[in-house]
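Two complexes come next, and they have one chain in common, subunit A, joined by subunit B in the first and subunit C in the second.
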Partner chain A sequence: MDFLALIDLSVLDSTVRLATPLLLACLAGLFSERAGIFDIGLEGKMLAAAFFSAAVAAITGSVWLGLLAGIAASLALSGLHGLASITFRGNQLISGVAINFLAAGLTVLIAQDWFSQGGRTPSLFGGGRFEGITLPFAETLRAVPFFGPLYYELISGHSILVYVAFAMVPGTWWILFRTRFGLRLRAVGENPAAVDTAGVSVVGLRFAAVGICGILCGIAGAYLATGLQAGFVKDMTAGRGFIALAALIFAKWRPWHALWATLLFGYLQAIALRPDIIEGALGFQVQVQLLDALPYILTVVILAGFVGKAIPPRAGGAPYVKER
Partner chain B sequence: MTLMQKFLGATATLALSAGAALAEPALIFDLGGKFDKSFNEAAFNGAQRWAEETGESFREIELQSEAQREQALRRFAEAGSNPIIMTGFAFGDALGQVAGDYPDTDFVIIDMVVDAPNVRSVVFNEHEGSYLVGMMAAMASENDTVGFIGGMDIPLIRKFACGYAQGVKAVNPDANVVANMTGTTPAAWNDPVKGSELTKAQISQGADVVYAAAGGTGVGVLQTAADENILSIGVDSNQNYLHPGKVLTSMLKRVDNAVYQAMKDGPGMEKGFNVMGLANGGVGYAMDENNAELVNAEMQAMVDEAAAKIASGEITVHDYMSDDSCPVLSF
Partner chain C sequence: MTASDTLGRQETAAPAIELKGISKAFGPVQANKDISIRVQPGTIHGIIGENGAGKSTLMSILYGFYKADAGEIFIAGRKTDIPDSQAAIAAGIGMVFQHFKLVENFTVLENIILGAEDGGLLKPSLSKARKTLVELEQEYGLNVDPDAVIQDLGVGMQQRVEILKALYRQADILILDEPTGVLTPAEADQLFRILGRLREEGKTIILITHKLREIMETTDTVSVMRRGEMTATVKTAETSPAELAELMVGRKVLLRVDKKPATPGEVVLDIKGLRVIDEQGVERVKGIDLQVRAGEIVGIAGVAGNGQSELLEVLGGYAVGTGDIVVSGQPLDLSGKHSDGQSRRRSGIAHVPEDRQREGLIMDYHAWENTAFGYHRDPAYSKGLLMDNAAIRRDTVGKMERFDVRPPDPNLAAKNFSGGNQQKIVLAREIERNPDLLLVGQPTRGVDIGAIEFIHQQIVALRDQGKAILLVSVELEEILALSDRVAVMFDGHIMGTRLSAETDEKELGLLMAGVGA
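On to the complex of A and B.
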């Protein structure tokens, strides 16, 4: 048994890459659900953003225009979700499911119409992709024992969106817990009537939250298609939006916990890719399927109340009705 | 009432005549989608070739979900399409149920065996083609470590992996083969992000040639291999052009030939078990201008010699599906 072998630098590197889309989607869900709007359409929004970022990057050759297009597409779906569940007070879960179906179908349809490559975009190259950026001093510090390789391999060399995602964790904490907007946003998820009594617009706050959720999902989708990959392939989100939701519950709707939860889930995905390391460290084989299922098992354990209790925002899922 | 009957009669005649007129072949694509740059696309190319040569047309459908299999089969059979060709092992159960209900319609299933009097089952000796690209991988590898990335973990994909590993060991008995599967659900065919990460994981284990048999996931594998400056091997269709100079070769599975032949034979074709192997050009490896620099004459001579020996029966490549085990690779 050599548990230290489980902490392999290349596995950690892979963890960062796999955790980033989960983290962005998880923070997106956090904003939305803290304001009382459940959002199971994270998957669909990421998928739409992945497609439009890749498509626009392929056409214009600029990954930044692609990113903007991805965010715009995700925002449009967010607007739809807001319209259905805030303005018209529809069921938030049903609206989310509809968005997932809509994105899965529309992306392939539009891709086929634009590029005729069977629901995928052409391969991106050059300025159409987010390249990894080497942080300052990475090369010079590489010779320093322990810290050097750690800095060079693990921290440096990711695409800019990874750093944006990690910076969003303190950012989210600050917005939610240190600003007036954040206080109101949390209040609207717990007791919208009180916010309304104070003369603040419930509808406006909820739309703002859903909008932030759209922007973050847009970045997550763009990272998948233009950072990790060089183009869009149908259904390429492969359930990451749902793992992010599980992470959100696991994190009990708190930003720092969301970081640890998504890193844990990312690590489980990354270590599943290296059965040789697991066998070397534990001395026996662990089924890859078990590792793939672990995020969900852990979430169920948390939900069942074995380890602390996950209590969602009190007004979550309920449309706000001003007067009866 | 009489008016209603007239209408019904008229529609029935219309349907019948339409059915007779529509005795054109039909092609059903599996969930990977028509343009997967791989398996289904090869089927489409074969059908397209037939259509261009004969000037006739064929009907087609891309499945969107598992539930549509039987429905699509029945609709084409009801509409009078003949023969009906389907790509993919997953049609086995559906066809087994449907074939008996339409004894006058010919069905062709690729990658699966269905025992019925009106079904032609086309299977490929993927292990033979994989053996050849495995040889090439072992010759091209400098670290004596090569990788295999499969899509969904099913016996068919293990057959690819096993043939590949045997080819590698034939050239270099000490070589290490790292084999991973993307997943156990159909989503594993469309997860290029995981394909990329698997490729990087294999590179960190020393692999410098990676063979992807993973549908859409393979797009991510080939991309990452090109980005990280190692060689990759494509599958089913010729994928050499995707990254010129970075794709060592592609294991060709001539699904296009099988589909073309079936459409050419038309209704009343020969039924039964149809094996496409090295001997009859069913599998092979791809050479074109994109990989000409990567494969030297010596390499090609060795592979061609092995191909001839396999075709003549001098070398037998073990088929994973024959006994669900592989002598040189453990999963």
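On to the complex of A and C.
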């Protein structure tokens, strides 16, 4: 057996691509849950964003307008979640489930109405897609041993949204732990009464967090339909929102841990695409179905609490009611 | 200059707070009725009243949580509107709530700046707060480690952080709501020293409590509230605990427990060499011997956390111990399969647990369901295979009547009763089982004064029927008033046993601190 063969440059390259939507969704969930609003509607928001970004990109031919439309769609669903769970103090899980159903049904319905292609959008090409960016000196450095191919294959050549996602990791960390907004956000997820008695609006903070969550989910969805793939197909998120939630728990609600967790999931998704490599490494054939199921199996294992004790934000899931 | 000169001058200055005709109703309930009060600057002003008298509502209005239906607020002579907490903070009011409003996994410093940061970035705020904290420490003697995480601090320290939070926001008026409810006697003393220091520095302090002793020892002026009304405001030096109690309750209250000398009979509870090791592997009870006889009350005194709780838990059948315990001649199973509450009840033990809301009641269940707990297998409560709910309700109505539970409604959830009435429900359930041995933990914690009197009378009445009673309380006063004998626990040992007639608070206090034997 040759486990080193599992570390294949092309697999790592797809790992980065496949981890990107997971990472964005995971950070989206991180903002929301750190503020005390559980969000199992990540999946639905991504799906809605994927559809609207692909649809607008297909119609206008501009991927940037598509991105904006995706973010707007995701934000609208975030607003709905905020209205239900913050303003009307409803059950956050139920609101999230409703959003997932709403997105799953509406996207296909509208796609059929607009494009009549069986619930898809037309395939995107040219300016309708985010293309890979070749970073400076990628070509010249390619000949340098080890570092060259690493830079050319792995780091260079991704779409702008991939770099945005990875930059969001230190960005999120900085916002959470170095700014006033971050301090208040974390406080409102732990003990909203402390924030309230300090004279800061609990509702305002939570809406801000849910809003950021919506924007990040929007980027994640847009990347799926206009970066990773070329157009929207039914249920294209394929549980990525839930995988992101599992990664969030795995990461114990910390930005850097979220990066490692989503890279792990991304790797499992990437390696599942290359059964030949696995066969080479292990020396026997593994059922493709089993490989495809790996990320989901890991999700279940994580959610069942097999990865140590993860303590969620203490006020998470509970609407804030002022006491006297 | 004489004392009266000083007083006269103080009263001509604008009051720190003046409330005029404050009223607030919640639906049909008038929580505050036309309340007017003047709080002089640089004094400690006590507000005393039973639970539900409207003290907390009044303070919530002052802190901007509620809007008064009518009335005006003047701060330092200026009419002030307080629509929210931000406005209260701006007016120089700081509040220390009974249940702290701290973020448990934040540091002291982070909690202090939360909501009072200077800019978008944390670093400058944190370093400024660190400097201010050193100044406050020097000024008021409030030392606390700025980098400690709240959940690692004891309640006394956490309360200190709350006070620092208010001072950091430059509060001139500090409101403390039942501040000693969670403190040990030593921590409470420390708090009062701090409050004295704050008063010296010119701060105005409002102390809300239902403990007469605290009022008498620390305040300059005291206002009494009863049923939403301010019934009196008097100089503390010119009043007495008995007068205040009467003003609070509206009738004369016995502050001393009226009881005949005990006539102890044979040994009911005999503990030999009991050891208890808790879940973390720490030995909490380190080999104690104790006897309780029929017809006597033995009080266990001690600062909370010295093994008293574990002693009660083993006796109650929900902790495991080693050693020998004999009740009415029958040895108890301390770790085997008969070490549970059901077996203990069969052995003639009834238990009023220390934490009534967690161990004594199920807060969301009705009173009648709660009176059946632990005794639900009683044939009187069942009809064949089913529970006879009607019989339980009837029984509950009787119990509520005999124990003066208000309101006497068996269909009300336990959480809707006041602390005192919740305790009466537990007491009624346990005492009416006519046990040989009654275990009572903190019988009057969070209970108002009228109910305390009643609860004490019930415990003494049970003793006079020739039952054995083991009382655990952190209130030394209560231990002395109720017990016939007092055993003091410190660090898992019994430091000494005294007849309560032959000892005093000073001697017991030394034993509680682990001094002498």
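Here is the rule we go by: the second predicted complex is superposed on the first by the 297 of 324 C-alpha atoms of A that agree within 3 Å, B and C clash if a C-alpha of one lies under 4 Å from a C-alpha of the other, contacts with A are read in each partner's own complex, and residues count from 1 in each chain.
In the analysis below, a contact is a pair of C-beta atoms (placed from the backbone, for glycine too) under 8 Å apart; a residue touches a chain by one contact, two chains touch by 3 or more.
Note that the structure is a prediction, hence the values are computed from the model and not measured.
Undergrad: Tell me which partner A:276 touches in the superposition: subunit B (first), subunit C (second), both or neither.
TA: The first partner, subunit B, only.
Undergrad: With both structures superposed, pick whichever of subunit B and subunit C touches the larger number of subunit A residues.
TA: Of subunit B and subunit C, the partner in contact with more residues of subunit A is B.
Undergrad: Identify the partner contact of A:248: answer first if only subunit B is touched, second if only subunit C is, both if each is, neither if none is.
TA: Neither: A:248 stays clear of subunit B and subunit C.
Undergrad: Where does A:200 make contact in the superposed view: on subunit B (first), on subunit C (second), on both, or on neither?
TA: second
Undergrad: Once chain A of both complexes is superposed, is A:239 in touch with subunit B (first), subunit C (second), both, or neither?
TA: A:239: touches subunit B, not subunit C.
Undergrad: If you stack the two complexes on chain A, which partner ends up touching A:179: first (subunit B), second (subunit C), both, or neither?
TA: Second partner only, subunit C.
Undergrad: Touch check for A:165: first (subunit B), second (subunit C), both, or neither?
TA: After superposing on A, A:165 lies clear of both subunit B and subunit C.
Undergrad: Taking the superposition as given, does A:230 touch the first partner, subunit B, the second, subunit C, both, or neither?
TA: After superposition on chain A, A:230 lies in contact with subunit B alone.
Undergrad: Using the superposition on chain A described above, determine whether A:322 touches subunit B (first), subunit C (second), both, or neither.
TA: A:322: touches subunit C, not subunit B.
Undergrad: Tell me the contact category for A:118 with respect to subunit B and subunit C: first, second, both or neither.
TA: In the superposed model, A:118 contacts subunit B only, not subunit C.
Undergrad: Using the touch definition up top, name the residues of subunit B that touch subunit A in the complex.
TA: Residue list for subunit B touching subunit A: 33-37, 41, 178, 180-181, 183-184, 187, 190-194, 196-198, 200-201, 204-205, 216, 219-220, 223, 242.
Undergrad: Under the definition above, what is the set of subunit C residues touching subunit A in their complex?
TA: Listed in rising order, the residues are 56-57, 60, 63, 65-66, 84-86, 88-89, 95, 97, 101-106, 110-111, 113-117, 119-123, 125, 165.
Undergrad: Mind listing the subunit A positions that touch subunit C in their complex?
TA: 177-184, 186-187, 190-191, 193-200, 314, 322, 324
Undergrad: Which part of subunit A faces subunit B closely enough to touch in the complex?
TA: Residues 8, 10-11, 13-14, 17-18, 108, 116-120, 123, 224, 228-231, 233-236, 238-239, 269-270, 273-276, 288-289, 292 of subunit A touch subunit B in their complex.
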